[in-house]
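The two complexes that follow have subunit A in common; it is paired with subunit B in the first and with subunit C in the second.
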Partner chain A sequence: MNRKTDVIVIGTGLTGLTAALAASRFGASVRLIATGAGALSISNGCIDLLGYVNGTLVEAPFAVMENLPANHPYRLIGREAVGQAMDFLQVELKGACPLNGAADDEGRAVNTLLPTVAGTLKPSWLFPDELDPRPLFSAKKVLVAGIKGLRDCSPALVAAGLGRQSCLRGVDFQKTTLPDPFDGVHRAVSPLDIARFVSTDKGLGWLLTSLGRWAGKTDVILLPPVCGCAAGGTVIKHLRSELRCHVEEMLSVPPGVGGLRLRDALRQALHEAQIDVIENAPCVSAEIFDGRCDSVTTAGPGGQMRHAAGTFIVATGGILGGGVTVTPDEARESIFGLPVAMPKDILARSGEKIFDAHPLSRMGVGVDASLRALDAKGDVFCDNVFFAGRTLGGYDDTAEKSGNGVAVATGWTAARAACGFCHTGVSS
Partner chain B sequence: MIETSVLVIGGGATGMGTLRDLCMRGIPAILLEQGGLAHGTSSRFHGLLHSGGRYAVSDNESARECIEENRIVRRIARQCVEETEGFFVLMPQDDPDYAEKWIPACAKAGIAIDEIDPAEARRLEPDLAPDARRVFRIPDSCVDGFRLVRHNAMSARRHGGRVFEYHEVTAIRHEGGRVCGATARDKITGETMEIACQCIVNAAGSWSGRVAALAGLDVSVSPDRGTLIVFNHRFTSRVVNRLHPSSDGDIFVPHGSITILGTTSTPASCPDDIEPQPDEVLHLLEIGEPLFPRLREYRILRAFAGTRPLYTPGNAQGRKASRGFHAVDHAGEGLEGMFSIFGGKFTTYRLMAERVTDLVCTHLGVTEPCRTAAEPMVPDPAPDVLEQAARYFPMPDLSLMADRLGDDLPDVLGRARARKENKSTNPLLCECEMVSFAEVEHIARDAGTHSLTDIRLRTRLGMGTCQGTWCALRTLGALADHDIALKKNPPEEIRDFLQERWHGLRPALWGAQAREMAFTRAVYAGSLNIDGALHEQEN
Partner chain C sequence: MIGPAYERFRLLGLHEDETLQYCANCKNCDISCPHNVPVSAINMMARAEQCRKKAPCLRDWIVAHGETMAKWLTPLPAALKNFGMDNPLTRKVLDKIGIAEKSPLPLFAPRTFRSLVRRLHQPANAKKVAFFPGCYTNIYNPMTGIDLVRVLNRAGYAVEVPDGFVCCGLPLISNGFLDEASANAEKNMAVIARYRKEGVPVIATCPSCRLMFIQDLREFFPEIVERYGEPDVGDAMRFILDLVETNGIDLPPTREGNIPHHFIYHAPCHLRAQGQGLPSPELLRMLPGVTVDNADAGCCGISGSYGFKSEKYAISQKIGEELFKTIRENAAETVVTECGTCRQQIRHGTGKDCLHPVSVLRRILDRG
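Then we have the complex of A and B:
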């Protein structure tokens, strides 16, 4: 295919989708190339911006960003860009999947805590309506509902865990198990199976009937993520009005119902923006001449295909997504083969405890402020290639709770830089 | 104060086999184990039930013992053994003359071998190296060491034996040159237990030097580290050995859905020196690669290490030290009633137990013969029990579970049936190893169960391909729903459970393993904030 595109985005996680949409809004023609489903399929659809710094809970992420290490993506692109990116996402999703944030008593934007199916709370920044936790923290009575046959959500575990949280002290937790929607036919039911069922009239009827006896008798109902597959909160709003209380989903384990809703909403936006999306097309090589990338080649079901573009945004993920490949001897970025710094000694790559701050969990491609990769000497590797999301080094998304935040912030920033490059030949 | 005739120290295969033998001969006996059952070397080896082929040239007597015991264990421990058979493979880089020595040596030891065309071998094991020169079939089998120890314990209990886990012997008492008792500490409660007995059998394996020292004896047992790799695939259905003098990393053993490659041999500083090292993992891959050329593409689940209790009078080391065993009556060193069983291999555990029990019997004047080779350890469940159970238990899970549970099967089936009758579910908590809630409940309600890790060791929950990523949360949830509390709170239990696995992954943290670990962290830290919950607890 020789039709030249302004921007090619590689990767269909939150980073790639944000970058593609942003680049389109900046006026570029965009093509998105995807290998698989992207990491949103295992995500809960909330935007964690920065929940912890060195193990300390963060209340106001923007206030502490300056204290992050200099090579942290937020420091590289700057606090202002992070804020602009968050605003961008909220505006773009206003209709299809509204995202809200919490504020303290003075109206200052702050992190909020989202309940999980493990009975823990997780700090997060923006959340869709289904995950809105705000009424939970002023509730007196909370009902935790599990579903018979759904093994990954135990009301007793959640109630006991949340009952230990100081911010929920004094709350009266009640537990219930809703009847099996599939009548024992399925052996391994996931929240996604139930969410699909609840997307039907029959399924919604089942959920309402099952919860009916609690209508008006509790302040909050906590459910596993089963309130339909579509973004926008239609099902949850209906439940709230019928049951006369706040209904809220808990964060859960994959498959990520919330992440899939967000993905669908973004994919719809891409579609409406007439962005070309090519799926099942793993990127196998890149063609570089004189420090510029001309094209990338994909190997899809239809054979190899070259995609030429003015600029490229690499959003292929980290170790988990396959954007960074680790061997016993070295680590490399997967498409361009860029070396990724990693301790030579294998045991030095990780700490002794599983939740330690592992060097391996922070590693990734080193970039400049416009997200172009730097080589060992600190020179830009390729003028027109920008890196975003978990492909980048300098942060540990799981420990910091910053995965989706960095995805959106750097995806948007890479798009801005790529479009600046397209227009002027230099990045902003 | 507990009174008994014989105290056995060490809850591995040999100790438990000895307890069983003593009890079957009508001798009152108890056993103390410092950790959970088989926490030492009996659960930290490749799980090969040797045919003896490996020792045929170097130690023909050991080889003969192996093949004889191999036949016995297959008979008395059907549930613990998978009769896979094995291959001995001569590669281009191996000395062809060794094969010419090996063939008659196998015949001499009584090991039936059968040479097949390498092309036929490749048809049977398609991933095997295409350049194999010669291939021999041999009656190697795979054995679940942990289960074998447990089934021995069940049999011993049926004959009146008593087993105390997490009890560490702290003193051995003797009077006038005769053993009269021991003191043990309960590692869970910290309480002290006094035992009065006439005899003590030291079957502490790699720890037997320490136990002997408590009795003032000096014995030559050197722990020797062996590291192994567990792969996420069953890429061979047979045990595969290299046909050359014993070396590191040249045996592949399939177990269920995984394959184990081992074993290195390095002198260890102490019996607890069991952290696998990256260089050992890389070394194993390098040595294993000729037999299975795609070895590096397979995902590693974990590496682990154990220490062999090599009996080393005269300071022989590593592979040069004898793999034979020695049953010792310490009366010759001035302590009557003290016996030790040193060295040996898992395959010959029963014979070792028999020999040391013979010594004890002579001392006590008991003339009952050994019957451990004749009687199966765990009776097969009656066909009608299984038939009935099939109504409320899916069949593949049922047969796996029946083999695993032995004497515990009726209780678990009772729980499953009761759940069916009162219309509650019996969810499958671990899909890799097919462990249902009824089984977990049975184990979790046992007074000896303190943690998810204890449940893992007794059910295999979390031992399969997901390595606990899915079942940890699920199991804690199911236990919470039934008001069954473990010792620690859920975030700590999850951390400890995942931590066990982390040890085994750190030395192999690259490729698909690194990716899988990133996934586990994404779920438990990224989504569920278990790490944050632990921080907040500390503050």
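Then we have the complex of A and C:
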């Protein structure tokens, strides 16, 4: 048995990291139990709050949150909590990994559109300096740069795709492929390989030299996410000043260079807050007495171990993350075995069009306003266990573009609830 | 490209990747994978097959067989052995066969832990615990073992060091000698099974030895595990922490005039991979006057025998760079970490003194 702590957070994705840091700031002693590196390491490091509702592009997420279904996590915790959570993340990361948002002409906070290596635009809410797209929308000349050996980014595809976007009409897209930074290697190169190289003086020199002839001759340079591994935007700022134009990264496929930067910044904050992290420890069960959870049990390679705490935050992810276990007949939350509603008919679990919403994506644990799980009768299952992030049901992160937004909003709210901070909407 | 992706090509006979030799078996891939894919074991098995086709070089044999070599050299006094191994001329010769001239080779202790522990008086009629010392404690750093024995004596335990225990086999596996590792596993598991029958716990102070038992044996030699039962070797520091929490060991009281101690702790990768957290900083922080900073700055780069190899020395130093920087910039004069070769590497990279946590614990307990 491990020493008792106030709050145990299970999960090391954006939800778990946010919840652990928030609980610590609310004054609790916190321990985080991790399995794997967390899904943040395969993401892009921007916070999508709410990009689409029923397939319609959202301009101002907070204005439309009321139109979401009643069991949507944002509806359950309330707009105010969502806003407080976003503020919390921005304040916490102000030094190490500043996140910015966009505003319209009247100064109202709005979604912005981030270019991707597929030549599409994705609505997002907060973004680090590397992804700042604002100058792109007033640019006349844009250079799209790929890199020889990097298969994930084709300048022709990007230029053709972005050229079709109405908000970029009339932009002159130019294309270039930078020389192979490694002079030929025996395997496929990822943006992470190049970002690591660019973190060195030699690598930064290679990037500047390769882009040198475009210096001052274009308004914006779009790159795959290769501008160094460290959060904080030092490399991108240097590139912008040397190349005398705006340089920004496009969103790309995993491994997530941007997500890893954000993860490092959050892990550093956890380290400074002296939060214990137990790695490689899959959580397998929980010990519950009289409607309260006393401890959870992990089963890492070293064997089983019990961890006691006053409250628990479950941020174990959804079906892909392992937080929800699915068989052909039923779906259950993985640690507590809570039932997760799933359409009986297999065909009803997915939508007709692959890129549209799917009922399967909305599957997850049903909770009350303070994120405590509800059993089949609608009663609170366990007083001191709070669920957050992709473990929750009621939202479709892919169709809505709300994944990291729900992660931060519910992670922060779960921490506040776990630390005994009263939420106005909770009757208990 | 190595790991599971490479296995597809290797198993189909399509490609042999030389870079497989550059996997340090540090197990950070196992820690990063959320779906329990045994990435490091896949690499080590593939390497063993490469080694079956093309025998490992003399250098790999040497670094894999520390225990055998120490046995051969037993008759010589330590000073002579150390002079023989660590003089500039020998280092040049070793460099020629692939042991980096600058790498921090460990020095032989004047007496092995096994020979020292035999002469210790331990409490009679006490509770028993068996100790797996591992090669590093036995050959190079017997003080770790002696300190463990004394701390456990204080809790009313007599510590047995079974003669039947041999090298855990990790250096053999990392260098491609899977068959010899299997023979060692057989011997060790027979001893562990005997103690299990008697109800006597078996513990280790070296995280890599312990990980070898609790994880790697299952991956590499499932038939041996099946024959002898669970390879239940406990972590010595967790064992002591549990004793403290059940009042089996009394810690000195906090009072005016407690001497302040400041340490920086490095968590070895092979401890992190065990998935049971970090008992040592937790334990040391319970001692009066003790502050422990967790370096939390990644791998030290040595990975057992990896960082001693000429073609890997520079990589190994580079991996450890961030940790060295963190330790150098920290005000603590002494570094604490469970792993012997991590200590070797950190001393080399930072110039600071390094101790096993059980040695720190004993010093403070003795002072009272």
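In this text, the second predicted complex is superposed on the first by the 416 of 428 C-alpha atoms of A that agree within 3 Å, B and C clash if a C-alpha of one lies under 4 Å from a C-alpha of the other, contacts with A are read in each partner's own complex, and residues count from 1 in each chain.
Note that in this section a contact is a pair of C-beta atoms (placed from the backbone, for glycine too) under 8 Å apart; a residue touches a chain by one contact, two chains touch by 3 or more.
Note that the structure is predicted; figures quoted are calculated from it, not measured.
Student: With the two structures laid over each other on chain A, which partner does A:364 touch: subunit B (first), subunit C (second), both, or neither?
Tutor: neither
Student: Quick check for you: in the superposed arrangement, does A:350 touch first (subunit B), second (subunit C), both or neither?
Tutor: first
Student: Touching A:300, do we find subunit B (first), subunit C (second), both, or neither?
Tutor: second
Student: Check the residue A:251 against both partner chains and state whether it touches subunit B (first), subunit C (second), both, or neither.
Tutor: First partner only, subunit B.
Student: In the superposed arrangement, does A:184 touch subunit B (first), subunit C (second), both or neither?
Tutor: first
Student: Can A:276 be said to touch subunit B (first), subunit C (second), both, or neither?
Tutor: Only subunit C; A:276 stays clear of subunit B.
Student: Decide which partner touches more residues of subunit A, taking subunit B and subunit C as the two options.
Tutor: The partner that reaches more residues of subunit A in the superposed model: B.
Student: According to the stated criteria, A:228 is in contact with first (subunit B), second (subunit C), both, or neither; which is it?
Tutor: A:228: touches no partner chain.
Student: For A:36, select first, second, both or neither according to whether it touches subunit B, subunit C, the two together, or no partner.
Tutor: second
Student: Just to be sure I read the superposition right, which of the two partners does A:160 touch: subunit B = first, subunit C = second, or both, or neither?
Tutor: First partner only, subunit B.
Student: So subunit A touches subunit B in one structure and subunit C in the other; where do those two contact lists coincide?
Tutor: Common to the two interfaces on subunit A: residues 187-188, 322.
Student: Which stretch or stretches of subunit C touch subunit A in the complex?
Tutor: Going by the criterion above, the answer is residues 1, 17, 19, 30-36, 210-211, 214-215, 232, 235, 245, 272-278, 282, 294, 296.
Student: Where on subunit A is subunit C touching in the complex?
Tutor: Per the stated touch rule, the residues are 1-3, 35-38, 41, 186-188, 271, 274, 276, 278-282, 298-303, 305, 321-322.
Student: With touch defined as at the start, can you tell me which subunit B residues reach subunit A in the complex?
Tutor: 277-278, 282, 394, 425, 427-429, 431, 470, 473-474, 476-478, 480-481, 483, 489-491, 494-495, 498-499, 501-502, 506-507, 509-511, 514-515, 518-523, 525-536
Student: Show me the residue ranges of subunit A that touch subunit B in the complex, using the header's touch definition.
Tutor: 39, 42-44, 51-52, 55-57, 116-123, 146, 148-149, 151-157, 160-161, 164, 177, 180, 184, 187-188, 251-254, 318-320, 322, 325-328, 345-347, 349-350, 352-355, 360-361, 397-399, 401, 403
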